[in-house]
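Two complexes are shown next, each including subunit A; its partner changes from subunit B in the first to subunit C in the second.
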Partner chain A sequence: MTRSSWVETSLSEVPKTSHDLSLSYLSPDARLAILTDYTEHRTRVLRGEPLGLDPARFPNQPWLAPAARGLRRCPPDEDVRGYGIFTFPYGPVTGGVPEAVRFDVRTYGERILELTPVTGFKRRGVLAGIAGLPLPDAALRVERMVGNLSAAHVTAFLTAAESARGLPVPERELWTRALALELQRIYNHLHAVARVAESAAQSVGQAQVHALSEEVLRLAGWAFGHRWLFGALLPGGPDRRLEPSDRRTIGTRIARISADFQTLWDLLSHTRIFVDRIQGTSPIPRREAIRWGAVGPTLRASSVGWDDRVHAPIPPYTDLFVAVPQGIDGDALDRIAVRVGEIQSSTLAIEQILDRWPAASGEIPPEPCVEAHRGIARVEGPNGDLIYDVTMQGDRVAGASCRSASEANLPLLALGSRQSVFTDFSFAWESFGFVIAEVDR
Partner chain B sequence: MIGTGTGALLASLGLFFAGIPLSLRSRKLSYLACLLGSLALLGTSLEVLAFHPVAPVSWIGPLGTPEGIGLDGLSAFFALVASLVWIATSLFSLAYDTGTSRLLAPTYSLTLGAIALLFLANDAILFLVGWELMTVASYGMILQAPGRPGRTFSAAFIFLAFGEGSTLAIFLALAGLWSVSGTFRFVPLVSTGLVTSGIFLAALVGFGLKMGVAPFHMSEWLPIAHSSAPSNASAVLSATLTLAGTYGLFRILSLLGPSPSWWGAVVLTMGATSALLGALFAAVSEHSKGLPAYSTIENNGLVLVALGVALMARSEGLPVLFAFALYAAFYQALAHAVAKAALFLHAGYIDRTTGTFDLNAIRGRAKEPGSPAFPAFLVAGTSLAAGPPLAGFVSEWMILEALFQSYRFPDPLLRLVGLLAGAAVALAAGLIAAAMVKFLGFGMLWNPRRSAPARMGARALASPILGISAVVAGIGISAPWILAGLGGPAIVFARASVPPPIGGALSIPAGWSIVSGAPFGIISPPGLPLALLFGALVGIGYLWLRGRPRWRRSPPWMAGNPVQVPDESYSAFAFSTGLRLMLRGMFRTREARTTHGPTTWATLQMPGSYDVELEVFDAFKAFYDALERGGLGLSAALKSALMPGRLGQYVAYILVATLIVILYVAIVF
Partner chain C sequence: MSTWIQQAVARGRLTTRFPWAPPNEEEAPITAHAPEVPPPATRTLPLAAPVCPTGAIESEGVRQGACIRCARCLSHGLTPTGPVDLMASSIALLRSPSGLRHEPPSVRSPSPGFRRSLHVFLIDVGSCNACNREALGLANPYYDSQRLGIFFTNSPRHADVLLVVGIPTREMLPSLSRTYEAMPGPKAVVAIGACALEGGIFHGNPHAALPLSDHVPVDAYVPGCPPPPLAILSALWRVMRGPPSREGP
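Entry: the complex of A and B
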């Protein structure tokens, strides 16, 4: 049996309804919780209703309103008072703060009682600025909005725009997007592991994993002409066609990187001082993860097996087998372990993509649009479910909005950091893999 | 025939007690009388220490026993320390006592008179009278706290309860003395045995209760911290009331004479425990009076540590170490009393200028432009944190040096006790330094953000604080000469001439240095400021040669935030939370949450706002609480068992009593 036929056989066993794969392992009430949240959620998306948490349920939720000017305080933004409690503003330009974000920490010393992320320090107005631009020009800007998540953003944006226009899409472009997406997922997950290793002062492990992530970037640069894949996914396809020999090279190198990483992870995960720092740190109970609409590895670490590639797939994921690793406790260790598992899962996905690369330039009909000239798309990016809502006017973009994964997960950082001590904070932050450029667009 | 010395003593006592009726006329007159009385006492004490004791004047008291007052070297030293403190507190009270309570001035005068009386007493009866008067008068003084009458009353009651407990123990000790010597007069004993050990233990409990040392430290911090007693009262309580306890212990030990080694070990253990506990609780206190009150526990613990080493050294035949530790004990008592008086008076000053005792709220509000008491606060706090070249540094050095020499004890068990005590004292020194950094930092050095309320009589309040802190600095720098003058109390205690531990080495003139043991440590307190001065001169000279440095001023970096985040000032509480969490087993740290207010996130079942308090507990308080509950329960049980209100039972009592009397009469006669 060849590898290809093994994948075909496996795929035939994958249940067709999207929930069944992960839900079969859950208890009945847990299944109900997911179904109510996510079926509702998906229906709203398809109807074109506002995204994320429902503003009707949370009328005072400025977090979900379109990005306003000025600073935004992330929910739940509670008020804790007591003897000796004060606010410690950590950031945005302070040693140890990794991004342009401030954390208002309410504390009586040592222990974090409440943590409120405050964003808006680097808002650039990218999505507001693309109104009126032709689609390729708009895509150029969207992919530059968040460099290390460019594939996910541009894929979601283009998918939404194509659905709004109702034009068929060249099949090879879709497969190219999926390849880019999986490459970037591997890069981002490697990066997150390296950052956590850095926080735990595992210098050797950090350097080794960073070297592997650099290899992924170089491979992307070699295959697509740009390390961050800029310009590679524009409508009309990349300048460079992936020949069979190129695909073989990509497959071989990714398989080697993945194997090398597995060796490093075996070493890291058997290092007590590394595991001790992240185990039990910033735990997100499953219930809270569902309530607050966590996405991506954060959600899956809290033992909810939702992955857009399986449960709301766009082509070519409809034809691919994707494994969905899950955690149990939802702590930093689980979030990192889910990412490690996803590196393997993406390696497998890349193997399938390369194996079944479309031969001729066929065309695929677009996703159904929610209303005339308006399309919505959701794509599983490295940090989770990414949603774009795009309105087109002819071949020009009339307006676009987005709900990013970092935005959805930021409240979970606030919840998970409660009662932890200051020194644990960097582990919590790094394990979520936040990119503030996604929040301040 | 009454000599001038005796006359001065009687005059000073008279002035103190005259303060009581004078307060009816004017509070200021009453404090003035106390001031004059203190000056008279100071003069006489100095004369005794420099020349000769005041011969006691005796009379036959109402009980038919000889009573008398006088001043020997030991009592003169303690009277000197107390009168130094009282001069400052009386001056301070002149400007401070403007409150509504008219009873503060008479109780203050009575407290001072009572303490003076027990210093001067030459016999057990007068001593007990002074002791009991002191307890009752201080009880009255604590009751004069403004606000929160219920809490004040319970705190004052606890003080009284501990005070009466100490009187009982001291009564026992004095009765023991009488049973051995056959007289109420204070005469040295010669016999040693089981009775003297009993006397020693009773005295240790009785005076330990007053000194506020572990495990009786509740008696010290609770009334001061919980009742927010008036600040002049706090200073008198913390600096001189506990000094009276110290004096009593020294006096009884001087009468008992040579002791077995275990006495010293017991005293040392008690002292080291108190030092450590006091420092630990001071480090987690944010009350501008509670923190110094805990520091008093620590310092009195250090006195006991030095005394314990001295007793052990005497028993083990180490005269050099005995002399050094004895002088260390005296010097520690002196250094603590004056610095603590300055600190408490300053707490009163802060209270008067900011209206709060909470360090979180004070946060440097006392530091106004030209705040007159600022240097005093710094000096007193630094001295208590054992910062050179102040008095606290010298005493801490001496005590640690004495403990370092515990290797000289031949008995390995005593060596072990000395070793453990040394570790505890060193740990306490570190913790108390952290506590004082917090106290000084949040009380003074913090950048003020809010404007302070108008100050009342700030300058008049500040000058006595400045004066007493000058004494703190002075006795630190001139420590060798102070020690040279402490031969008087040492002779009384040791019943023999004890050379002061001073000398010279390394081209420092003889008498300028303190020497701990023949081939051990040496320090020169006068040399330290000279060295500092020399360094400063070198620095100034360098700057003068190099020209003025170029200053660059820039606004403070606010981490890139456009506007200041509200409520972002670091709190005094947070300063020591690390300790609370790390030692949660010791402090029984507990977090109490109260949820309230509208729930903004109703559907998510999230509270909109809530309160969090991190609480620490004193395990000893739990013990005393349990004791109290047990006592009340026992008394209630006895009451219901013995006096149930049934007539038949009472008739039976009468019957039994009558039978016993008839039997007694029948047998005896």
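Entry: the complex of A and C
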């Protein structure tokens, strides 16, 4: 592989300016365009046509262009110059945030006046580096780009690639992807709840919820051979034929974990200290959530009931009932409550997936295709809507780009942290569920 | 409060028997095991080498440090029967079949100072977040690293061990060196995960500045993608206690 093929822009620019390059957000206009596409998408899905959005509608990749350039950093709502006001860098190496990211915090001691996330420290140029690779090798890199969201990224990437090649997908593969996605959603949501409980000094609560998260990871390891689902969804991989007894085991264990978690959540949500710390912390009003293009649980906590699994579903979600829990105030409590609701909703989805597991794998021979084609797909990952845009040349990837949920939500962190005190920062950070690996990819 | 205690007691003992018992099947799924080469190695290795996406399979053996446990070689004769908790003081020692089964993977004791407790600081220099999560997982009741005297600390000033995850990107090098300098002696560096060892699936990435030992002195290498929590726990345990030959658990 040549050196130049690893960088998305020009090589000389990357080490110095990647802080600025790595952030590109979906503008509100582009978001509306995508929102209105779903009726057509549903029709295509019902007709049995290739999955994914119609690339002809989005010639300029609106979600990838820095259309919201001015919106990257929330403007301060008061004059942040003055006596005693200073900026201190928090990160990229901190105890509080386990990933490499820096926050420039403007403050006079306690209250955050302005917060600017600075990313790019762990940029690895993964998507630029996969150009020219065969699909299974490219997918191997995509899943190892964001470890804890691997199923969501691989599903979106493969759906876009399959859409580009115009290939239908074997039915069982679709159901396997959905099962992996829901398992991944559950262990990420459990982790988020545990981290917030830890920040609120709920040691017993966080230990118990972390233990449940570990149980789901072990279940994933047992069912798919890998705790983080690496390799589980790759094309040409081993056929994961879940026998009826395996499906029963998965169903029983997930139902028990979900019930145990509900008991713990009842205890946590009646603990005054826990609720006091997160209620009203870093609120995102509905209007702001829409304006800045929030996605996932962050958007739903601000009482916007958008979920790709319901509104722009890829099969088998077209056949499943998915509950969409919503919040009202959009604060940290609502974001956590939405995740708690989604753990229940994912448990229900897994039940349905296991019940209707297809008997035959329905192999479809791949047809040769040599022209370059472009495909777009969106998938509801654990922390929100994920969009992949993939161009294929035959069976090789010619180019790929993505808009991740963490990228879309990052300005909201700046908005929500403003006005709050620095000790509340960890609640804000954990309740949004950011993964810096998908911003610095 | 009493309800919390009832709830916790009702679930019973969850914690692993490590280091007094080998890992069970739940603790180590199939991809946690190092791939091994069944004899005759001279026939298996050339067949499996072309399918390895990281070039970890060579004619003399498997470079375990570069292996990402993708399991592609398993359909070409290799078997997932290797140890879960591999660790060595140099990447070159992590090669099978020679020197993996017969010499127990060990670490030179970085200092006689770590006997009863070890404070660990985690630094991410370009990971996918899976290694971070596995390392943080040591605090959950299933592993409970604190019962062995292993604690995670929020400041390098209080740390004995720097736990490095991810492929070292150029942007993180200054932070990595400064963090290491901020730690008081005696101190040790443990690199975990294929990315930190040999770049893993991202080997050859121009954003990365490998090897890690060019920037900080590394005392122990733990392969895996990501290494399961038990492998990380075992590595920290061995760093704390010194070579296993001198003193058993």
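By our rule, the second predicted complex is superposed on the first by the 344 of 441 C-alpha atoms of A that agree within 3 Å, B and C clash if a C-alpha of one lies under 4 Å from a C-alpha of the other, contacts with A are read in each partner's own complex, and residues count from 1 in each chain.
In this text, a contact is a pair of C-beta atoms (placed from the backbone, for glycine too) under 8 Å apart; a residue touches a chain by one contact, two chains touch by 3 or more.
For clarity, every value in this text was computed on a predicted model and none was experimentally measured.
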Looking at A:H191, would you say it contacts subunit B, subunit C, both, or neither? Reply first, second, both or neither. second
See if subunit A has more residues touched by subunit B or by subunit C, and give me that chain. C
I'd like to know which partner A:E243 touches here: subunit B for first, subunit C for second, both or neither. neither
Taking the superposition on A as described, I'd like to know which of subunit B and subunit C A:F86 touches: first, second, both or neither. first
Looking at A:K122, would you say it contacts subunit B, subunit C, both, or neither? Reply first, second, both or neither. second
First, second, both or neither for A:E110, with subunit B first and subunit C second: first
Set of subunit A residues, in rising order, touched by both subunit B and subunit C: 92-94, 121
Give the list of subunit B residues in touch with subunit A in this complex. 286, 360, 557, 559-561, 565-578, 581, 597, 600-601, 603-604, 606-614
Within their complex, state which residues of subunit A touch subunit B. 57-58, 60, 75-76, 78-94, 102, 104, 107-111, 113, 121, 291-292, 421
The residues of subunit C that touch subunit A in their complex are 3-5, 7-8, 11, 14, 25-27, 29-32, 53, 68-71, 75, 121-134, 136-137, 139-142, 153-156, 166-167, 169-172, 175-176, 178-179, 200-202, 204-208, 225-226, 228
Contacts from subunit A onto subunit C in the complex sit at residues 1, 3, 6-7, 11, 14-15, 18, 92-96, 98-100, 120-126, 129, 137, 140-141, 144-150, 191, 204-205, 207-208, 210-211, 213-214, 217-218, 221-222, 225-228, 230-231, 238, 260, 263-264, 267, 435-437
